[in-house]
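Across the two complexes that follow, chain A remains constant while its partner is chain B and subsequently chain C.
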Partner chain A sequence: MEINALHYFKMKRAQVQFMEMVFVLLILIIIIFIGMFFYFSFSLKNIEERGEELTDIDATVIIDSVIGLPEISCGVNCIDTVKVLYLNPENDADYYKYLFKNMKITIKKIYPGPTTRDVRCIVDNYPLDCDYFVVNEMVKITPKKEVIQNAVPLYYPLNKEYAFGLIRIEVFK
Partner chain B sequence: MEKRGVSMFPFVLIFVIIAGAVILFFFFGFSKDILRQGKTLNNLEIVNLLDRKLDSFTLAKNAINTFDMPAKPEIKINCTDEFGKKKTRIQFKEAKRDTYKLIVAPGLLKEKRLIGWTLAWEYPFKIDNFYYLANDNVIFYFQGTSGNLANMLFNNLPQRFKKFSTINVDLNRANENVFVYYNEVDARNSRFGGNAKVIFVDNNKVVFFDRETEISEEYWGLPMLYSAIFAENGHEYKCIKNMAHKRLKAMSEIYKKKADYLGRNNQECRYVYSQIYAHLSDNNFLDRPLDSRYNAVLVQLNQQLNGNKCPALF
Partner chain C sequence: MKKAQIEIIGLLMVVILVLTIVLITLWFILKPKQDILIPQRQAIQINSILLTLIKTTYEINTNIDIRDKILECSYDNTLCTMVKDKINGILNEVLKNKEYILEIKVGNNVLIRLGPETMLSRDLNNPCDVNKIKTRGSILVDVQRQINAILVVCTIGEGIL
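Right after this comes the complex of A and B.
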């Protein structure tokens, strides 16, 4: 009886030791996972920041690229408004999606002052009864966006006149 | 029933070994993944860097630059066709970037210093830019400079590229260099082993000579002819040419609409605009723009508009 009790006591102690070890390993694994969670969180944040940085560079580069795009350009640093009217990025969606990425691009006439306000230029109201052109609106709208603007000369071929405009690029992130 | 004298030690040992092995295996894999990702990211940055350097050429009509890469790369430029959509792929190991730029390179770009050149393709209005890339040790050999085409080809290739106006080298040792012939028989007789590229050029077409095959293709203008000279082979050139042709069609459509609009709103030059419109709608122009008459007619009509003080088309 005494021997049995002793044996039972020893087994219980061994089980306790075993459980202790399992418990220690479990805690170790939990700590490792917590460490990994933080590591990945920081890595992800870092990658996101890098992505944003790259998107910023893209937006700056794209202003130059858009102004020089043969589809809408009228020479060095100038935009042909008639060509903008007829540019339809949906005709070759893949190409223009690659080119414009997720950026909404509009051009607004600033000087001489337009006779209208916030009226999009289409063939029927161009050139007098409108004040802005849309180059690309094939975008997936997200809450986070950055806006970049730059001055640009606009050319109106019909009367061979130049105007002063503002190109606006909304980068949806 | 539990047996007496059973020691827990072997079980604990086995448990520790297995658990330790699992943890070690996990971390080994994890660190290997991190290393691989780091390398891919670096390769991707090199690929992006090259693409950005080419971006800076977009507005240029004719520009050349030397690109110093951060490491000795092994960049492959090739024209891909995925589900009928043609793109140019810049690839460095597993890192790749697809673009719609018309880029050609005679082979693997593996020097730390690369030469990049661009020419605007105007036919007669600007369609797009061709981008030519080469290792700075590639040599271009031309079979003479007599005749307009030969003279133009040799002289318009910037000095920064290594070029010779005679072919007097042992072609079997001419690794990865480019040989441009104006005599088809000479070119055919010069096909050889190694990585050198042999092409024959005349006023209308270019023929690529490989060891087994000959590929003959038309070209439309000097910038496109240079793309044939820089392209790795006939298939690459054909793919780039198709991409360029697609761009030509898209641009022609815009100019056609512009001509139509200006014609409707300008009585004086309506006739000229309608001629341009008809010309750009002509399937011959869009499907086979090689015929230089079409190009010349457009230039002439545009000059006519300028002469009549009407808005020019381009």
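Right after this comes the complex of A and C.
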């Protein structure tokens, strides 16, 4: 009888210790999972931020490339407005989609002040009755975008004048 | 000490350790990061403003640009007021309500200094309030006459243009 009671007591104790070990392991696994969750969410956030930085660098480089494009450039650091007027990226969509990625590129005349505001320049209203040109609008619009702007001289070959312009790149992410 | 007390102390230590690790991780994740590209982008923008400004045609139907007029003004100071007004008009249009100082110098002599009235009395090297970011750009307008244009813009990190 006494031996049986001792055996029962030892079994019970072993079961408790076993359960204790299971709980410790369970808590350890939970802690490891929490750690992994934090680590991966942190890494993912870093990768996203790096991606955004690279897109920004890309856009800054694109601004310089656009100004230097022979299709629209008029020399060092200037844009020929007549060339922009006749540029149609849709004629060679693959090339321009590769070049401009998912970026909408517009050029706005700031000074001398235009007679009209927010009117796109087309052949019929150029040069007086409009104030902005579109270089590329073949984009897939997404809610998240970044805007980068730079100043650029705009050349009007008809009267050989330079205006103060702003080139604007909208990067859709 | 009883065994149960020792185990409670051990548990407490584990809880404190886990909490410390979680807090350190959260601090790293939630810490606001400074965009390292903003100062570079602003420096590019400020130089592009200066380069575009001096290339802009001074008067419609003439081939005279602002650079030529600055050069004329460096020889005849009476012409400077008109050039100043013209540049002021352009910069007000471009920089809108931003705080800025533009200084055009011949050697060490200031030829033109313009900007919002509150800014004009300030030192060009340190014109911005404590909470604002200073971006400075300069270009050589004329090599022979050693004419420099320096533009300083104060922003709160929202970009110059």
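The criterion applied here is as follows: the second predicted complex is superposed on the first by the 127 of 173 C-alpha atoms of A that agree within 3 Å, B and C clash if a C-alpha of one lies under 4 Å from a C-alpha of the other, contacts with A are read in each partner's own complex, and residues count from 1 in each chain.
Please note the rule applied: contacts are C-beta pairs under 8 Å (C-beta built on N, C-alpha and C of every residue); 3 or more make two chains touch, one makes a residue touch a chain.
All figures in this text were calculated on a predicted structure; none of them were measured in a lab.
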- request: Scan A:Leu44 for contacts with chain B and chain C and give back first, second, both or neither.
  value: neither
### Message
Contact-wise, after the overlay, does A:Leu166 reach chain B, chain C, both or neither (first, second, both, neither)?
### Response
second
Where does A:Val16 make contact in the superposed view: on chain B (first), on chain C (second), on both, or on neither?
-> neither
Scan A:Ile31 for contacts with chain B and chain C and give back first, second, both or neither.
second
Thinking of the overlay built on chain A, is A:Val82 touched by chain B (first), by chain C (second), by both, or by neither?
-> first
Margin query: Quick one: is A:Ala151 in contact with chain B, with chain C, with both, or with neither? Answer first, second, both or neither.
Written below: second
TODO: Could you tell me if A:Ala93 is touching chain B, chain C, both of them or neither one (first, second, both, neither)?
DONE: neither
| query | Is A:Ile141 touching the first partner chain B, the second partner chain C, both, or neither of them? | reply | neither
Quick check for you: in the superposed arrangement, does A:Ile122 touch first (chain B), second (chain C), both or neither?
neither
Both chain B and chain C touch chain A at residues 57, 160
The answer for chain A against chain C in the complex is residues 31, 34-35, 38, 41-42, 45, 49, 53, 56-57, 60, 77-78, 110-113, 148-153, 159-166
As the complex stands, chain A meets chain B at residues 7, 11, 14, 17-18, 21, 25, 29, 32, 54, 57, 61, 64-65, 68, 70-71, 73, 76, 80, 82-83, 85-87, 91-92, 94-95, 98-99, 123, 157-158, 160
Touching chain A in the complex, chain B uses residues 2, 4, 8, 11-12, 15-16, 19, 23, 48, 52, 55, 58-59, 85, 98-100, 125-128, 246, 250-251, 253-254, 257-258, 261-262, 265-266, 311-312
The residues of chain C that touch chain A in their complex are 18, 21-22, 25, 28-29, 33, 36-37, 40-41, 44-45, 48-49, 51-53, 55-57, 60-61, 63, 65, 89-90, 93-94, 159, 161
